[in-house]
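Consider the two complexes below, in which chain A is the common component and chain B and chain C are the respective partners.
Take a look at the complex of A and B:
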């Protein structure tokens, strides 16, 4: 029996995540971790589309903001119950995502990236300028914390941490199941070669649109959680710089890998918190780091670890063939 | 008649890449399309498989008009093809590359994936079985778990054929299956194509290796500047004046 299996490692990580509030000395760490989990959910959304389906979207900070503002407006202005508003926020994001996807997915590669960059910026502008609805630069204040579920309240930092953690785990499970399934294989076939995918009978538009809407769903969910966690939102959450932060988390962690979004987000959020004293000069560290990773490890930290592992495994079992070890994509 | 094209024409700007081509493919044979470089052979394939919309003319499959169908719908009918340059996914195994080829015969969707339903599990098993079956046909069972990046060019060609077979086609279009591989391997590939044909699959291929074509095909069409200049058995083609002129008279090479 091996103790250091992938499964045991995963269980240990989950136990660690659940016991973290007891270990952490103060709420500050809990706050940082909760926040990075929220970002990670959005990055998982981007990864599903950009990493697995091959369409680099730069509009997802916009969808994050749509999710956040939908929840904010529904709870503050209409006084809707938090949980209903959460569902509503996700649905609104998906609906807008569907309409944008219909048009955006007619473009490919660079054009898709540029188009979605513009879409993201337009979403930001609409939020910033439509003061009647969004309060513009003043921002939206007084968003309620997640509502109680029976006896469970979400007023303390620890309870909010657990709530976000459960959402994150659910998102990872969903993404895991998708990429391991025929649907995931379909997305990866499109990423690999859209022409070939069509030749083997895959309706590329339908599948791309599903992946796009699902990825906006995750971004919207993350935005909604963010709004109720921070309790205040401004148009800046939809800005291009947030988009590039998210993209940086994904690239450093590993685009097209299952654990990449979490690894990248945790690493960079924690690193950037610890480098606060450097202020703007932090970018002097992040810039070169990102460049080096993209040059030497195009699939990020996770991809590098995976390549190293498969190289070792390849040496070990050269010549020996296992029976049907079916892998879709690694984690 | 399995496939029939009528007055099939494709213009790119002023250039007619395929000009008024009538062609018929009977069920069960091995058909070949030959012609000098730039004769419009690949464009002809693209028109039949739905990648390009013809400027005019029609394509019939078993008498049904498929001219306006999309590529994925045409694949669903049982028309499969390979590309000149094989675009497989390098960082994945041969088996994983082929499994998705059977996707079009499955129904499971996103919800099946998230809930891991019985249907999904059943269909995944079916796709895997199908992949192993077609890998066995093309003789790659032993390489199923190897990374595509580590297999030879000839094995890549076989993988691409396996992928096309996984869609369960009635007819397969092969675009230069023997390009870039050595004479011994070409021999092996010829055998494979014969074997596929004997199992009931109709084959249509583009190829530049004349020796291979003359041995393999029972019906040949010759294109030049987008027009059909000859059609017939290998013997008839070999003695055809227009064909000899097209190949030797111009500067184009065979």
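Take a look at the complex of A and C:
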């Protein structure tokens, strides 16, 4: 009975993730998984702001693109070392995020969503039209793969998979620490009622701003990893359709839950790979799915599993309580 | 000078289209406080339905537009009944996401049925007219006249009829309206119907001078949001005035600043407005 604890399930999942390159002999699966881990990092960023702090940002594809382009431009045009460029890309994204957040967060609810939607569109237009810097629609070609750390190289699919996996685990750990801390509670207090939070002495603007900058940091990090993984970027990565994809990963997985972003991203990326023939029309299925989920399961798959679990627990109060490591818990 | 007058006329044309779209958006916002992101998709669908009625069945332009208004209006009713009504008590985040889901579906649907190609709609009013040195196609004049006619009719409907005043009442206070015996569900459905119909009229009018394609609603809806923030969310005169302001600034900006960046004008305008006044210009009451 004691073997099936949450903690052991988590360890098993991490071991599984680390041994995946040995199990899957096919580089294609590794590629898909790496890509979905990168998206998941961005979705964790959106979740921190939209899920925990309650501000729906529609500009994060833009920040993703800023991260990707910063890395691309720093490495291609100035020939900077990859790791330095990675730090630089994150800093640039944070700086831009800070400036935008300073203004955007003065607005609330619908205004914030519309404002960020427009900011995202402006970022996309600037990348698309500023040919002198970003090469416009031609895109940025020849972005180098991650540089070596001592004897470790990142040339093979497996090594890149490990790199992204480590970043993802670090991001999840950071998010976990944040939401369990007082800061996280503050975010949730702001989400539940901003007026009330203010009344008990929370500086809402300061907290919203840190949440915003942190979430752009994750989006920028994901963008930078994406650029070095795909090695080619075009303005399309900042478009609203990417934003809506990310939002869908978050919603299906479960907004405002820790494991939601990962569950949703993995599920939907793998699902859309299997529905390749639908590529153009996948929104025929995913669009209504998004609407139905928000109506019937506002907290996504993870939320539904939690509800089901607590119901089960309630029923079994008298009997033996079973600890049941549901895959969605942390997987 | 000639260029200026010509551009002012163009501004009047696009402004009319923007106003119609923004009116539909602001009506729904005023009553249900939903920023309907799917409104652009309704606009797009309206254009496609008019186009296919004309090309497939050889129907007259006006009849095709009428069919389109009815179909899109009914679609609006369905959306209210089966999506937004279920979310009435939910946090505001949920409405927005549901609307985005509908938007994604309708766009994929249009691409599935009509393909991703660009279509041109030929209007029976393609003649070129020349009045006092102003050269324009009859269609542009038609857009302005019809849009103003629709706005006047809508105004009369809202102010002079009993049904119209129930809409006004509900936008003032939902609880109050329901206390005096107004069926708020019916009013909400009616509002969605009018909103969809306005979108269909706007796109049917604008399609002959633009193109019909699945993404045609993107920019229009974003600009309509800019307009209703400019004019005050939920304000009807605000939507009309805002639409024309944006129309003029775009056509003048395209001539005197840069044609490449004309689409960005609206967003810069919005960013500036919300930076200075976070609740939008002319915000109604404390909301």
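One rule holds for everything that comes next: the second predicted complex is superposed on the first by the 311 of 331 C-alpha atoms of A that agree within 3 Å, B and C clash if a C-alpha of one lies under 4 Å from a C-alpha of the other, contacts with A are read in each partner's own complex, and residues count from 1 in each chain.
Operating definition for what follows: a contact is a pair of C-beta atoms (placed from the backbone, for glycine too) under 8 Å apart; a residue touches a chain by one contact, two chains touch by 3 or more.
Every value quoted in this text rests on a predicted model; they were computed, and no experiment measured them.
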Touching partner for A:84 - first (chain B), second (chain C), both, neither: neither
First (chain B), second (chain C), both or neither touched by A:174: first
Which of chain B and chain C A:198 touches, first, second, both or neither: first
Which superposed partner A:152 touches (first chain B, second chain C, both, neither): neither
A:115 touches, of chain B and chain C: first, second, both or neither? second
Touching partner for A:280 - first (chain B), second (chain C), both, neither: second
Partner chain in contact with A:12 - chain B first, chain C second, else both or neither: neither
Residues of chain A that touch chain B when the two form their complex: 174, 177-178, 180-186, 188-189, 192-193, 195-204, 210, 214, 321-322, 324-328
Parts of chain B lying in touch with chain A, wherever the complex brings them together: 49-51, 70-73, 75-76, 80-81, 83, 87-89, 92-93, 95-96, 99-101, 103-104, 106, 108-110, 112-114, 116, 120, 123-124, 127-128, 142, 144-145, 163-164, 166-167
Contact set on chain A toward chain C in their complex: 50, 54, 56, 103, 106-111, 113-115, 117-119, 121-122, 125, 129, 240, 244, 247-248, 251, 255, 280-284, 286-291, 294-295, 298
In the complex, chain C residues that touch chain A: 33, 35, 83, 86-87, 90, 92-94, 96-98, 100-109, 111-112, 116, 218, 222, 225-226, 229, 233, 260-261, 263-264, 267-268, 270-271, 274-275, 278-280
